[in-house]
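Given below, in the form of structure tokens, are the structures.
Two complexes come next, and they have one chain in common, subunit A, joined by subunit B in the first and subunit C in the second.
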Partner chain A sequence: MVNFNLLFDPLSIFFLFVIFIISLPSAVYSLGYLKGEYSQGKVTLAWFLLSAFVLSMVLVVTVSNIFIFLVAWEIMSLVSYFLVVFDTEHEKSIQAGLIYIVMTHIGTAFLIAAFLVMYQYAHSFDFLAIKNACQTMPSQVKNIVFILLLIGFGTKAGIVPLHIWLPYAHPQAPSHISSIMSGVMIKTAIYGLIRFVISILGVNSSWWGILILVLAVISCLVGVIYALMDHDIKRLLAYHSVENIGIILLGVGLSMFFINKGMPYLAVFSLIAGLYHLVNHAVFKGLLFLCAGSVYKATGTRDIEKLGGLIKKMPQTAIYFLIGAMGISALPPLNGFVSEWLTLQAFFLGAFSAIGGSKLFLGVCAGMLALTGGLAAACFVKAFGITFLALPRSRHAEEAKEVSFSMKAGMFFLAVLTIIFGLAAVPIMGLLAKVAGASTGIDIGNMRFSLNNLIINPQVGKNIYLSTPLLALALVASAAAGFSVYLLFARLKPVSYKTWDCGYYKLEARNEYTATAFSKPFRIAFSFFLMPYRKTQKIRDSFYHVKSFAYETHTISVFKKYIYAPLVALVFKSASFMRRIQPGSIHLYLAYIFAALLFLIIFMQKF
Partner chain B sequence: MMKITLILMQAAIFIGLAPFLSGLIAKIKNNIRMRKGQSVFQPYYNLVKLFSKQEVISEASSWIFRATPFIVIASSLVAAMLIPGQRMGDLLALIFVFALGRFFLALAGLDTGSSFGGMGASREMFISSLAEPALCLAIFSISLQLGTTNISALGGIRAVSVSSILAAITLFFVTIAETSRVPVDNQETHLELTMVHEAMVLEYSGGSLALIEMASYIKQMILFFLIAQIVFPVGLRGMSSLTQTSLWVLWYFARIAVIAVMVAIVEVSVAKMRLFRVADFLGFAFALGIIATVCAMLGV
Partner chain C sequence: MVIAKRVPALIRSFRYQSFFIFLVTLSAGFTERQGDLYFVALLILVLKVFIIPVLLNLTAKRINVDEGLGLFVNSQLSLIVALILSYCSWVFSRSLGFGLYHKLLGQTVAFSVLFIGAFLMISRMKAFSQVAGLLVMENGIFLFALSVSGGMPFFVEIAIFLDVFVSVIIMGLFVYRINKLFTHIDVTKLSRLKG
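On to the complex of A and B.
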């Protein structure tokens, strides 16, 4: 019995909003992006796939039946696979697509397992019936279902160590698709976690929240450290998605932690923080991917070591990228700042109310979030500084031109949203409170999160306030004050001259700091994890004269080396072992069929 | 309106006194080294001098380079306005406000195309990102005692506990890193191998440099103020008579000067460490922050 009813509760509506708010500008952007890049037939195909992709995501967040949910989930995975391999002429796309489809199906397998267990208890596919059945489910079974759901959705969300597909697949898709994949698609996994774990299954034990918090902290740090090391602008952004999913999960995990501890107020507040970061990440990551696409379109390369000086060639794209970078680095008064501040406050308020070791645990998590924030800022100084500032490092960058109107329009829309979501924090928190209340089943009637329309006040009675509009006003006023002092006192007109070059007289792009050099301190500080590999080679004319110098460095992914490579090797090994039963002799195959038949007959008779 | 005036007044006092603090530190350092040293008012003379000099702007740079001094000074001024701790004064927000100025300063370092700028930017972001978790934990442990992250609540600490001492030491470590002092950085040198902050602002001159210098003076004073507020909670409460008020004001600034003296002593007594050792230095600060949180948890 399958019902096709759609669900429009606050949680679904919130996710619909996120889907559309990113898909719309991305679609507009793709008008200009696809032009000239692909043939007419491929452009049509791209539009078809885009529509199917958005539609499947809409279905995922609105259906009220696990059977249809799985179907929609699978459509979403398949369509996004076709989008990842859209540039079929690239060898890399095929490989990325393969990794993506294998990983996503492993995830789906776990989901199916979880849903089957749920079905066993509910005898129905309907969300409501399952929710009722879950109340009588034994707690051991609940734990198993939770783990299955966590692995299933975690694969899609890109939680470390299941993130392996993300840095391959996201950069390989066309940029407007990367923006939707990173901005929205991985968020459907968060939807799944909130819907199935918090709302339907119900948080059972306190280790659920703790497990999610630990995984989230690891995802944050691993994501941002790999992002720092990467110099492919789109892959760098993809790693930041791993990081930001971590930050979102910090909010979600905290909420589960507090639900279990019986602190409804903090549970709602933490979920607000998580959801706020979710929509913020969708907005700024969508924006950054569109900007990266513009850079790619204008220069033909994604390697930031070959870029530079684009702020003069593409002034508007540069501003949009800067706004996105400021958002993701949590700089006030933009949107990332608000949600990271809220998450930190959730940690603080939680630590204040909690007892015993939880205080320390929450404190250390908050410290790790701060470290993540610092590293993310460093990474975006690198990404923006090397790509857009100083002198162009290659001919591609020198000949870059500003992109077309429709592409600028898509970026403009998201850049404005980045600012609005920072300034209009209070009304947005009010709306998110409804979503959080509805999905946790907590009555938010008498909860207040703000003093008035301008000032956030996380907990009534606690003397904690934040107001982004006032902060923005103070910043603008102070900058203006600084500017007027400057105008008043610095009377001599500035002159333009060459950068100081220690008397070298030939400063050019080759003397500039590179992204590899920029990230070197981090590479050394985190060398225990990154295991950097370096090779230097002198190429000599003769014994006395070194003609040139070759230097090569890269880092080794511990996850690939210690988890995935052995796993793949194991699969191949067992496959070649299994091959022995397939020697190609038809007689043997007939014997197999006969044996199978015999087995079945005996099986049916006996059992 | 009253509040706004108060905020602006305190910000103005901070701005007025901030350069003096740097002059004081330089003077003490010189005296310990048996030198006569510059006047304590030298930073003021420097600012005036810089404003009267002509500015040179690199041809390679963009509007980011020109706009940065104003953003940096704005971030420091807003931080100074947060300090009085009216509605807006939040300790956690302070971290982010400082991050804004630093972000643009690092971008400006990269903007000129000079290797020095890039080197400075890279190192500055490295040091600050490692300082951030320690700073966060220090704030956390103090806030756990106060029950709020509001800065004004710092004035409400009655007695100095073990936890707040440890938090103050953590904050002291972070301050040394954030204000580019020995052993993390050295403000006095222009040797390319060692400089961090100075390398980043190397291309700045004239009025722009004056604004950036001013911004770092203010930032330094704010960090000193936070430490002072934790270690020496304001003792004199009454403000009924004029003598009492002036005594209070004197005590208020004397505490900050005490922190400055300590920084100066630390600076002359240790050697600058290698950049990669800074990770250990700040890791130690982070561990101290954890211990401070444990102490706060135990209520000592």
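On to the complex of A and C.
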């Protein structure tokens, strides 16, 4: 029997909170964003789909029954598909929608398989009954269920190599939807992993955590490297979602690793780090997508090579984008810094107490996380610098205007949250500890993560401290000191000179540094993975005078070329083979029916 | 019936078959002493022996095409296939196991009529044979009902007759339309309609 009870345990409430703090500003933002962009009918449709989308996500995180969970999950996938193809007149939207819906249904198929196996043991769809039944499940079956769940939820979360749909689907949706999809929807997959793997199935073998950690590290690096190479601002953000899901999964996987090793304190601590990064990523990625949407609305292009100089035209959007970019690049004292710091500390503490190979493994993971943080910072220097600084590179960028009030309000709210989640780290950790404790089933009564209300201290007795309010204070103080020195000693009257131009005499937008040029060192450094293709063509009058110079470069997506393209080709081949049984001849169809009838009767005869 | 190469021959053989079914129903009416069956037999006589064949003949004359049925399987081979199908139906009806010997025979005949109807639909090109095949299959089903339980309830029987009658009219119309549209009624060429 299917019951419709809703579940409001700490984990569900936490995810509800995440859903609402992103959906609310996005909805406000869409007031201004949709206006003038779409017809009245489409605006109504957008509101309907938005409400349905939020409602389905709410259902996903609150139901207490795998059957209804699947229904809600499917509604969520379908509604988001309709949102991806919302701009139906674009060829690209349709293609993105197709990739998205195929991938998400493959994921759902794996989930259904996992749930059916669980049902086989529990004879009930209820979470509680399944949890009890999982106690007696043989460990091989548990392993199979884990793999099925990991693939199923991994498709939605965008773990490499299942991330293929993310960079297509997220940029094509309207911006407020991109912000919800990237900020919240892919997090429902993390909810699924925590709920079904940690809470219900129970961590069984140590390789589960290690597998998730390995996948997470790969996701981090692949996501950030592709983000560096991409110059479509929304696609760049979508690749960063892959990276950040990786960081979140580092926390979750580490927690599973520690649960299995019997270290409850570190398990809770890592899960806190993961959940903290989850809510942080929701906030700053939502903010960044909204800013990208504002840029798109103001200029009509998402290609950052055509932008530039927007900080003068759209100062507020620029500041919000800068805050979001600082958050995602993990700069203190903003929220991304806190959660990445916590994740790193979890790795270090784990490496201290672990023995043998796992010591090395955790150390390597921590190193990779640090590398990811650095690359992310570089990527956002590129994104912010090319988009907002210097001179406009095209007429679109020259004619940009600041966006409307409701859009600014949505961005402002999230920008403030980015700062608050950085400064109020200690109380938030306390709340997250309850969530982590409830979902892992570990008693957190005597665990302490902070010295007082200002300072985080991951492990009592070790000299590891972090205090974002004090850091912020120090930053503000040093900035104030610098500014007062400037006031005291600098000339107060601004004098405008021409930019020094190395003797070129006339500098214009065409001389500017481009995103392609900025990312070139990384393209060379990671050439073993990106396999860049470049072509230069010079046409010269004489040896000294080059008349024209053409430069062309692009990178090859390894996953698309070596995994998905052969797979798709195989499917099409087998489909065209199967098509032969349908030649369109009525006689043959009748013969099929007749043969089936004869076969069935003979079958009955024999058995 | 399976050796018929032309449309009139097929219709004629359908008429004979229906006449035999009329006789069977009549005899069943005698042995089981049911008033309904007499009426049903009368309906068969009127509908299947007279009206439907006349209708089919009319359609055939009206569309005025070549009378050949277009055989995928030639007459002799069709006869052999029909024999094999009859044997199969004997085996099947034995395995169904309704007991009594004379009932078994009735079932065998019913099955073989059914199979031969289907075989007609498959192995002939012209749309006429599909119509006739369907009617033959209907005869088979009727025979099966008769042999197993002495006929279906009266109202069901009446409804089925009505159905068959209407379907003949509709199919006649369709054949006519197909001919008008494509200037032939060769079903094999319909595969060109496929996308």
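Following the convention adopted for this analysis, the second predicted complex is superposed on the first by the 580 of 607 C-alpha atoms of A that agree within 3 Å, B and C clash if a C-alpha of one lies under 4 Å from a C-alpha of the other, contacts with A are read in each partner's own complex, and residues count from 1 in each chain.
Keep this in mind: a residue touches a chain if its C-beta (ideal position, glycine included) is under 8 Å from a C-beta of that chain, and two chains touch if they have at least 3 such contacts.
Just so we're clear, the structure is a prediction, and the values are computed from it rather than from any experiment.
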item: Touched partner set for A:583, first subunit B, second subunit C, both or neither; value: second
item: Which of subunit B and subunit C A:565 touches, first, second, both or neither; value: neither
item: Touched partner set for A:519, first subunit B, second subunit C, both or neither; value: first
item: A:326 touches, of subunit B and subunit C: first, second, both or neither?; value: first
item: Residue contacts on subunit A - larger count, subunit B or subunit C; value: B
item: Touched partner set for A:455, first subunit B, second subunit C, both or neither; value: first
item: First, second, both or neither for A:507, with subunit B first and subunit C second; value: first
item: Subunit B versus subunit C as contact partner of A:352, first or second or both or neither; value: first
item: Subunit B contact footprint on subunit A (complex, rising order); value: 309, 311-312, 326, 329-332, 337, 340-341, 344-345, 347-348, 351-352, 356, 359-360, 363-364, 366-371, 373-375, 377-378, 380-382, 384-386, 388-391, 451, 455, 462-467, 470-471, 474-476, 478-479, 481-483, 485-486, 489-501, 507, 509, 511-514, 517-522, 524-525
item: In the complex with subunit A, residue positions of subunit C that touch it; value: 72, 88, 91-92, 95, 118-119, 121-123, 125, 130, 187-188, 190-194
item: Residue ranges of subunit A in contact with subunit C within the complex; value: 582-587, 590-591, 593-594, 597-598, 601, 604-605
item: Interfacial residue positions of subunit B with respect to subunit A in the complex; value: 51-64, 69-71, 73-75, 77-78, 81, 87-90, 92-93, 95-97, 99-100, 102-103, 106-107, 109-119, 121-123, 125-126, 128-137, 140-141, 143-144, 147-150, 152-153, 202-203, 206-208, 210-211, 275-276, 279, 286, 289-290, 293-294, 296-297
